[in-house]
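What follows is subunit A paired twice: with subunit B in the first complex and subunit C in the second.
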Partner chain A sequence: MRYLVRRLGFFVLTLWAALTLNFFIPRLMPGSPVDALRTRTHNRLSQDALEQLLASFGFKPNANLLQQYLDYLGDMFTGHWGVSIGASLGQPITQIIAQALPWTVGLVGVATVIAFVLGTLIGAVAGWRRGGVLDSILPTVFVITSALPYFWVALLLILFFSVWTGGWLPHDFNYDSTIVPGWTPEFIGSVLVHAILPAATIIVTAVGGWILTMRNNMIATLSEDYVRMARAKGLSDWKIMTGYAARNAILPNLSGFAMSLGFVVSGAILVEYVFNYPGLGYLLYNAVQNTDYPLMQVLFLLFTAAVLVAVLICDFAIVALDPRARATS
Partner chain B sequence: MALATVGLLLSACSGGGTSSTSSSTEDTTGPTGVPSGNHEKGGQVTIVNVAGQTWSCQFNPFNPAVFQQSQGFVYEPLVFVNILNDQAETPLLASSYTWSPDGKSVEFTIRDGVKWSDGQPMTAKDVEFTFNLLKKTPALDTYALWTGAGLQSVTAAGNKVTMQFAAPAKVYFFNFANQVPIVPEHVWSTGEAAAHPDTWADDKPVGTGAFTVNNCNPNNIEYTANPTYWQPGKPYIQTVEYPAYLDNGPANLDLATGKGQWGSQFIPNIKAFYLDKSPDNHTWSPPVTSVTLYPNLDPSHAATSKLEVRQAIAMALDRSKIALVGEGGQEPAANQSGVVTPTFDKFFDSAAVASAGYDKPNTDKAKELLAKAGYGPDHPLDLSVITVTGYTDWDASLAVVKQQLAAVGINLTVQDLAQQTYDDKLYTGDFDLAYYAPPGGPTPYYEMRLNLYSKNSAPIGQPASSNYSRYSNPEVDALLDKYPVVDGDAQVQIVKQIGDAMMRDVPVIPVTEMVDWFQYNTKDISGWPTEHNPYAQPAAFNIPDVGIVLSSIWSKSAQG
Partner chain C sequence: MSIVTATVTAETVAVPARRRGGFWHSLARNPKAVVGVVIFLLFTVMAVWPGLFTSVSDPNALEFMPSEQPSGDHLLGTTALGQDIWAQLVFGARQSLVIAVVAGGCATVLSVLVGVTAAYLGGIVDDILSLLTNAILVIPAFPLIIIFAKYAGQGGLPVILAVLVFTGWSYGANQLRAQALSLRSRDFLEAARVRGERRSYIILAEVLPNLASLIVANFLGAALYSVLTAAGLQFLGLGDPNSVSWGTMLYWSQNQQALQTGMPLWSIAPGLCVALLGASFALVNYAFDEISSPALRPVRRHRVRRSRQRTDRG
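Up next, the complex of A and B:
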């Protein structure tokens, strides 16, 4: 119990530190929302009018910084997130996030889960039959693909499956904009088809890591006494592989998986960018480009909260799963 | 002065470009007027303009983040002024106007029979209301009409609206007549719109324009034709799709495959990537301003504040080669007089450019000038130039510039900076040379005033509004001050005189000409602006030009 309380205390402290950094770091960046707006409007508009407009939307550069900071902390917890002062000038942040979050969680989240499941399966089998055909081909191939840059894989996939094939698979957007969104088979089909290439990009580049760690864990576990014991009992290979070896080998991978779920929210900026996929990663890029403080703050809050919560759950899970964690605390 | 009725002086011209025998496919138009042919209604066009954001579905025409999707489509100004055709004017909500002899007051006659898209009539009262709204809410006065241009009052009487200025104001006509969207008083004087006109979302805009917003989501805006539009027969196109493109890559691919018909951004290697994909794919990108090297004239920058060094750079550059290699030939070369050609040919004095020795690169002369300034093989000159990271065509251009300057003994370092850092350095004067394209205007005067007027400068360390090289010359200031109060030919002479100063003092060094990127597909859509009939600026981000183009193009398949 004391361990859990300490974890919780640590969580709160980290969250506060992260929130504080999220407030100050963007303001230390060069540039200001006024300059960004001025650039976006090609220096055609009056500087005074732009400053006043941003002020109307809640940008108060001359207010006391400490006061701004305290207001910010309060607003973050009460959900008064304000409106964008960047590319979506005037649009409520909650609305912007609500429109982008489901797409990122849907695309990157599902792709991450698929990559994990696929990687773990391949890793388990490869580790079981180490030196076999599967073991000598798949891990090697996927370790190489996981070293490739996201955007490059994305461009190759677009070239192969969209450009050279005359548009087999869509290369941009999250659904066909001529379809009215709704729970219709047409819309859902369009969403799935549009997700294939971006999801494939993430899976191809992420699966290698899971394969490698799972395979190595598997090999280490296979030399454990309890596996030898299972063999001595005459259990079937399948049962030993799944019930004795893989079940233990997957434990370290699970905590890694929990962590990576936390990072899902931050999206895959480059993947979203290349595929014109309107998710959180692209939003973050755009917010930084346009010095959009309100949007940046909320995005960073989401990202830190997601990772911290994932880590916290992971801590709790370890306590539940592993008696040694309880003993050392 | 009566309003020139360009586009109403009809002359037959087979601009349709199809073999159709139907008379409805013939464009009846003056050679450079807004087409006013007779076409069947129908069809759809998809705009592929990278706005770099998902749509917020707000249409407040004064919000600079969204006004490109609002003005021209839904809201219209009083008069359309065509930059590309010697400021040819097409009357929109004002049917005509008259200036007072002293040029300090202008009286607009507001068009009869125009209806807002909710059915209410549009009147002079709405025009009066709009301009006074800008006065009441300075955040909306984005062209600083009440503060900078000296607007004193706007009053309506009958169907006339009179605008009174403190000083001759013809030079601001482009801004107040062509760029201020007229909004309906009965909508904007109640509720949220009246309380906060600057932050109001205006998600269901009521305007006089050819289109209304039918449906909007973060990915796409769909506009449909306004059935009660005041121009009879227009618009021909019934549906406009405007998807939200975040980056050039996906956008250009959709242009190449024909999914979108109207492109407005740079396509690298356009011949192979776009033009060769279909005989229906075309491009025409007219130049509007100059991509310019800004030397820092402040004495703290010893080299660039020396006239000989700037002259040497201007002499050493082979601008045609920079345009060809850096911009793939899609931008023309600029010239040292700062007049964008062929757009503003009327103001261009090629003889003066030749006699000043700037008509072709001259490396020997450049070396000579550098030697005079004290630089040579023993004292090489090191300079750096700032540019924005990600502008790949500019990077390519600067690579050629670097090569050409190396040939005369200048060692140029190209600094690729993030936009924010670049802006900061550009505005405060923290650079040797800066690569930048200023906004243009209906004549070269506007760009020259931005670059050269001493009131647009500021001491080093403080942000200058547009005179980034910190040029100050009382003679040029006087010329710039004189331009607004004279007419026609005298204005041309003034621009030529300022062009002479550009060559004498080399305050800025124009390198290539910034164009209005435009790609168009003619498979189904005809009536696009072309080199032969530049009736509006063709890139979809120009307001109000986008509305003029949208109400002039028509679908071939819809013609019976």
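Up next, the complex of A and C:
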């Protein structure tokens, strides 16, 4: 119980820290939102009108800082996230995010899960066949792939599968813009085809880490006494590998997986940028380019909250799954 | 059967590692480590004496015919702006290495300070420092870096170094704290305390040497993180667009649609350099693990956690 209270405390404190960081960074750094907004509206609005517009999303440059801070905290929690002052001037931020979120969760989420499952399977087999062909080449290959820059892999894939092959696979946007969105086979096919290259980029760079850790865990688990006992009992190799070794070897990886699921929401900014994929990561990039302060604030808050929630759920799950965690807490 | 092979290989790797000086010997015999070190040294020579590799003295000057294909004069051709690609690559090594060594080094120093202090002092200091470490660890680093770089203006080198250190230390601090905690109750530290040694002596002469291999591993990890993140940041155009670096080359090549206009080398070559430098750190780091892991059990547990570091990159 004490453990759970501690974790909840951590959750609240970190969320507060992120919110505060979010509030003070724009106010401490050079360049003000008023200036940014003035350039965006091409000097056509008066100073008063600008400040009024800013006030509507929580920037009251003349108000007391503490009052601003409290208002800001309240607005963030009640979902009063204001309107964009960037490319889509005046559009409510909740609406902008609702448009981008499904694309990111669909692309990055699915790719993350595929990378984890694939990496765990390959790693388990490699660790089981210690000293085999697979085991001797895999570590070197995947140490290198897991150190590759995401965006460079993306550029290579575009070069091979799109530019040199005369446009086999599309490398731009999330669907063919000549097709009307809807639940038609044509549209769904277009979405899937457009997702292949960005998803492949994420899988190629992410799978290595899972393979290496799973292989190492597997090797550690195989020298445990319970595996020896399973052998002594004369169980089949398959049963020992899946039911005894892999099952325990995967445990330390689960918290890492939970965290990477939390990071799904922040999207793969560089990948979405290279492929012009209109997800949350690309949205953040555009918000930064257009000095769209309100949108930046909300996105950063959302990204942090997603990771925190994932970590919290994982903490709870560990208490439920692992009796040792309950005992030591 | 597999148990036997597993323990046998573990033993053969572990035994030389235990002998005095044997560690460097086994590092030199590990092919991954050798390849990594050779790549790193090659880039170091490039960074220190670029004149050995190219006759061009100002790689950013627009002094050649634009968009030339590779030839004897221009090994990798020229950019759409009229610069020699090979010369830019050679001169770009310097900034990437500076970022790797300075940002990686500062982040490591910070994580040693925070991690060891937290573990050694314990109590309320430990609680506060651990909270801080864990908070920084879960805040998404890449989005934060992008926002920082934007607010701080087109980020020059100091801005980039500062944000890399700020976001890069927490992972190592967590690891070092855990390792230092496990040392705290060992007999040799107890003996030093009974002898009446000063705290500073105990930390510097007794605790730190025992953390040395973990500190080196952390430096390699932080350096890898710094190189990749800085390149990503510059690629997005959030670095100084006039600097000479691989990330900036990638930015300009993307800006000029190099892939689509038949000049793939312009964007593939600098990316390959970033990848090679990153791979050199990763290879040495993994070789380190391979050599020291069977002897030092906690390291294996740490390696498990290391997978988290990858997940938070954009």
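Here is the rule we use: the second predicted complex is superposed on the first by the 294 of 329 C-alpha atoms of A that agree within 3 Å, B and C clash if a C-alpha of one lies under 4 Å from a C-alpha of the other, contacts with A are read in each partner's own complex, and residues count from 1 in each chain.
Criterion: a contact is a pair of C-beta atoms (placed from the backbone, for glycine too) under 8 Å apart; a residue touches a chain by one contact, two chains touch by 3 or more.
Only a predicted model underlies this, so the values are computations on that prediction, with no experimental measurement involved.
By the document's definition of touching, of the two partners only subunit C reaches A:223; subunit B does not.
Of the two partner chains, subunit B and subunit C are each touched by A:273.
In the superposition on chain A, contact of A:163 is made with both subunit B and subunit C. After overlaying the two complexes on the shared chain, residue contacts for A:211 are found with neither subunit B nor subunit C. Of the two partner chains placed by the overlay, neither subunit B nor subunit C lies in contact with A:195. Residue contacts after overlaying the shared chain place A:295 against neither subunit B nor subunit C. Comparing the two interfaces of subunit A, the one with subunit B and the one with subunit C have residues 29-31, 155, 158, 163, 273-274, 291 in common. On the side of subunit A, the complex with subunit C involves touching residues 10, 13-14, 17-18, 21, 25-26, 29-31, 128-131, 139-140, 143-144, 146-152, 155-156, 158-159, 163, 206, 209-210, 212-213, 216-217, 219-220, 222-223, 227-228, 231, 252-253, 255-256, 259-260, 262-263, 266-270, 273-274, 281, 284-285, 288, 291, 296, 299-300, 303-304, 307-308, 311.
Listing the residues of subunit A that touch subunit B in their complex gives 29-32, 35-50, 52-53, 55-57, 83-84, 86-91, 96, 99-100, 155, 158, 162-163, 167, 171-175, 177-178, 180-181, 273-276, 278, 282, 286, 289, 291. Interface of subunit B with subunit A (complex): residues 52-54, 56, 58, 60, 63-66, 138-144, 147-148, 196, 198-199, 201, 215, 217-220, 241, 243-247, 249-251, 253-254, 257, 418-421, 423-424, 427, 438-439, 450, 465-466. Partner subunit A is touched in their complex by these residues of subunit C: 2-3, 5-7, 9-10, 32, 131, 134-135, 138-140, 142-144, 146-148, 150-153, 224, 228, 231-232, 235-236, 238, 250, 254, 259-260, 264, 267-268, 271-272, 274-275, 278-279, 281-283, 286, 293, 300-301, 303-308, 310-314.
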